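Both complexes shown next keep subunit A, but they swap its partner, so subunit B is in the first and subunit C is in the second.
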Partner chain A sequence: MTETLFIGLSLSSILLLIALGLSITYGAMGVINMAHGELVMIGAYTGVLSGIYLNLNLLFALPLAFMVSALLGLALERLVIRRLYGRIIDTLLATWGVAIVLQQLIRLEFGLSFFGIHVDGLGPGLQSMDVPSFLTQPFEIAGVPIQTYRSFIILVTLLLTLLTWFLMYRTSMGVQVRAIMRNPQIAAACGIDVRRVSAFTFAYGSGLAGVAGVLLAGFKTVMPEMGASTVVDGFLVVVVGGVGSLLGTVLASAMLGQINGVFAILTNDILARAIVFGVVIAIILWRPRGLFSFRSR
Partner chain B sequence: MTGNTLFKLGDWGIYALFIVTVLGLPLVMDDVFWLNRISKYLVYGMLGIAIALSWGYAGILNLGQGLFFGLGAYMVAMSLKLQSYTSTQQGSDMPVPDFMLWNAEPGAPTELCCIVQGSWLWLPFQSQWFGMAMAIVLPVLIALVLSSAIFRLRVSGVYVAIITLALVLLVRLLIIDAQPITNGFNGLTDLGWLTVAGIEFDPYMVSTYYVVAVSTCVVLLLTRWLVSTRAGLILQSTRDDPNRSRYLGYDVAAYQVFFFTVSAGIAGFAGMLYVIAAEFASPSFLDITFSISMVVWAAVGGRSSLIGAAIGAILINTIEATASETEMFQEAWKLIIGVIFVLVVLYMPRGLAGLAQDLLGRISSARGSGDKQAARSGAPAE
Partner chain C sequence: MLSLSNVDSFYGRSQALHDMTVAAPEGAILGILGRNGVGKTTLLRTILGLTDRSEGQITLGDKPIARLATHERARAGIAYVPQGRMIIPDFSIRENILMGGFAAGGTRRIPDIVPELFPYLIENLDRPGGVLSGGQQQQLAIARALACKPRVLLMDEPTEGIQPNIVAQIEDIIIRLNSEFGLTILLVEQNVHFVRRAAKAFAMIEHGTAVESGAIETLTDEMVNKHMAI
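For the complex of A and B:
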């Protein structure tokens, strides 16, 4: 039973990492970023490439992937999303196009494949990332075997959640972000540079996606399509938790991850996911604003 | 001629041009392979109409339209599967789908009722008409229940999109999980042909193209009529301001439920036609990618124009098919499509239909000033 809960917990933490970024971008800016999954994928590829070319191990790939995805997010905000604030459905459609473009860029090795150049670690095929040996050896606590890599994921998620909480609730930047969440016009009237803060927020959320990508790469195959399914899961977590609520996102990912984990043991993986979707529909019908949310906006 | 009548003429002109082109195509194109392809794209055009109806006219973004399309497809595919040669030749009185035999436990009777658990669900599908009726009835029923729950509880906006999205993924997983009776990931392939009054509708035959083409035109005209009725106008008012419509005494939810359900029915019908033309049904119809693609087609064509959305769907799919077979674009076409989506959303939010309207508007204003000039120059001569 503890092992089931533990697997559920590690599923929850990956879910949380993906949802955390989405929660920030959706909550603060009203942007449905369908390319978030592709930022996860780019993070995973950053991990793979830094292993091949820079000989960096996973620990160093984490900050690198954060940087790469954050910069990409910044560019995305500047080029596309900035023009679409207030048109929520259009952000969904435009970023869907961006997602296709990003997937194809990796598949076509940034266009180099047209010239017959092959870059190791890119292209349509499957890639994998090596996990350093100290993260693969299982250890025991009081006779219960614990998988090191899974606990590492949980640890990283915990740290990043705390960091996000600190940034949002203990810094002046965080105050500005929360002000924008509640009411962007009034925030602007109070002298907050909404554009600049939004751009930073988006970059930070994207960076979190990059980190999630590296962690995913540690136990999943890396391929151009890997991100597409994660964005839906992440988004459901955000909505169930309540838009803009950090606590809600944490609890919703814990709940959905555990439901998935427990039912995967009781029935099978497919039915477990179906049950998760059913629970999500019921919750949205019951409380459209999510389990934890403030009113207004 | 005033600008308004020109708009109306332009509108009807485009509808007439569309219908004439679609129905006249077999006269100029004798490549049955391409005709079959285009009939599939016409089905996609019908999906575009369904999306424009719910999104453009009702303001309800359904990100799970694939659910209704997929269910419609599966219902007909089940019937046609039982008509196929492999199903009728299993040495039983009743036809038995081949994949059930592979899934059956040793010693299970080769009977449709009990060869695998739940296979009795297939029994009524021995009648082709039952399958065809269910292809519309089932989507309509599900849409009715779903939309009643959604709109009576006043769920709106993005949340509707998320519920429909979650539901299509849920049903997709159920279909995959029910592998013994649905053939799981592989879907239903090797289907028989639709047979009506002794005529077999071979997908690569002009008559099958006409079945699809006429259906598309009829659906287009019916929907166009529907949105111009009183109910259609009230629907548009609920889109623009649900609260005001409510204060005026209209039952907003009832209109939303009705049009959501009509849209689902069209999608189910489209699913049925798709199976007749494409000869397979697969869980990929319920993939999230497919449902979002439909919305993108409608966005490119013009989300608030029925015919615009239909043309958008047909155009994108034809371009995709041609580009993916041209050697130069073979690898890059998806990239190009992605860039086009982004550009359309950024710079052409009203899509192709908006472009056409602007063009007509420019012509009519030029005409208008021309008329004035003519009047002015004509005046002294009098």
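For the complex of A and C:
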């Protein structure tokens, strides 16, 4: 059971990284970014390709993927989203379109055939990326076997969550981001450059998605469609936790990740998924603005 | 100091200001009067660039500001005390005040004028803004605007919804901000008595345009009855 909870915790951690970015960008900018999952996927490909072409291991791939996804997110904000602020349906459709374009570009450029690899039944994906050997040796705590890579995922998530908390609550930029989340017009009237701060926020949230992608690539097959399902789970966390709430996002990802992990092992994946959706619906009915929400927008 | 010349302003396709021309003299309070819904708040929001679109000239001193973004207008020296205060309830009093500092070069220092005018706020800097009473929240909104180190203060019905014994305090503070600290103030008010006491000039708004304006001494009861009586 302890091992199951530990696996659930590591899944929750990746979910948290994905949801943090979504929560911040939706909270600060009111943008439902349907391409967020593709930024996860881009991070995963960055990890794999940096290993193949640059011989970088996972530790170096993490910051590289953060930068690649952050720059891509910045470009997305500058070129598409900036022109559609305040038009929530338009941003949703536009980012959905961007998601499809990114998926197809990756499929065209980096399908397995690109590498001359043809594996029957595997589809157009890559195998998961190489994980350094020191992260693959399991260890034991009180007789319970613990997978080192899963621990690494939790550690990276913990560090990035603390960094996010520090940025949001202990820096001038964080005050500006939170002010924009609460009231963008008053923030602007107080001299805050809403567009510049929003661009930074979007890039940071995108960067977190990229890191989540690399961590996923350590144990999942990397393929163009891998982001689509993660973004749905990310939105579930945002809805349950409360938009823009760091604490809510952390608790909701832990709760939903654990429910999914535990019930998947006790029953099966499909039933576990149904139970997660049931819990989400119950929470929305009980608290429509999420577990930890503030008045905004 | 601050002047609007032939300004039109829009929310979507709906035009809210028509050919608006008003000027706030330097170091004076300009009282903006009119019934509800005639465009007084829109006038202030237009000055800050908070409507969807506007046309015409807006100048601060000699500087045209109509093409500037809202945060640039704030940094140029325009601060806003909005209707309903709009403080951020879960921010501490300190954070609420320091929000204004971003218009003054991002300073993290509360200006000296704030403890002088609002000692209660300074004694409770770490409390959330949301626990304050209406009058205290109004003080906080004014303190936030002062942290912008403004040349011009836009105040939208600052005594609205505040218990009567606090209203007089707020009124006195507004008069002090002008007389002691030399701030130019555009004051949207329904309270004609207070406007007569505080302002040097007035503009009467109707249907999104200034139909009467001039020195406060020229504001007659007839004008008030004609343009403000329900």
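As a convention for this text, the second predicted complex is superposed on the first by the 279 of 297 C-alpha atoms of A that agree within 3 Å, B and C clash if a C-alpha of one lies under 4 Å from a C-alpha of the other, contacts with A are read in each partner's own complex, and residues count from 1 in each chain.
Quick note on the criterion: contacts are C-beta pairs under 8 Å (C-beta built on N, C-alpha and C of every residue); 3 or more make two chains touch, one makes a residue touch a chain.
Every value quoted in this text rests on a predicted model; they were computed, and no experiment measured them.
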item	value
Which of subunit B and subunit C A:Ile186 touches, first, second, both or neither	second
Contacts of A:Met67 with subunit B and subunit C, given as first, second, both or neither	neither
Which superposed partner A:Leu158 touches (first subunit B, second subunit C, both, neither)	neither
First (subunit B), second (subunit C), both or neither touched by A:Leu54	neither
Which of subunit B and subunit C A:Val194 touches, first, second, both or neither	second
Contacts of A:Leu5 with subunit B and subunit C, given as first, second, both or neither	neither
Per-residue touch tally on subunit A - higher for subunit B or for subunit C	B
Partner chain(s) touched by A:Ile270 [first = subunit B, second = subunit C, both, neither]	first
A:Gln176 touches, of subunit B and subunit C: first, second, both or neither?	second
Shared subunit A surface residues [contacts with subunit B and with subunit C]	none
Residues of subunit A defined as touching subunit C within the complex	172, 175-176, 178-179, 182-183, 185-195, 294-295
Subunit B to subunit A touching residues, read off their complex	61, 149-150, 153, 155-159, 161-163, 165-167, 169-170, 173-174, 176-177, 288-289, 292, 295-296, 299, 331-332, 334-335, 337-342, 345-346, 349
In the complex, subunit A residues that touch subunit B	32, 34, 80, 83-84, 87-90, 92-94, 96-101, 103-105, 108, 113-114, 228, 232, 235-236, 239, 268, 270-271, 273-274, 277-278, 280-281, 284-285, 288
Residue ranges of subunit C touching subunit A (in the complex, touch as defined)	48, 50, 69-71, 74-75, 79-80, 82, 86, 88-91, 95, 98-104, 106, 108, 144, 148
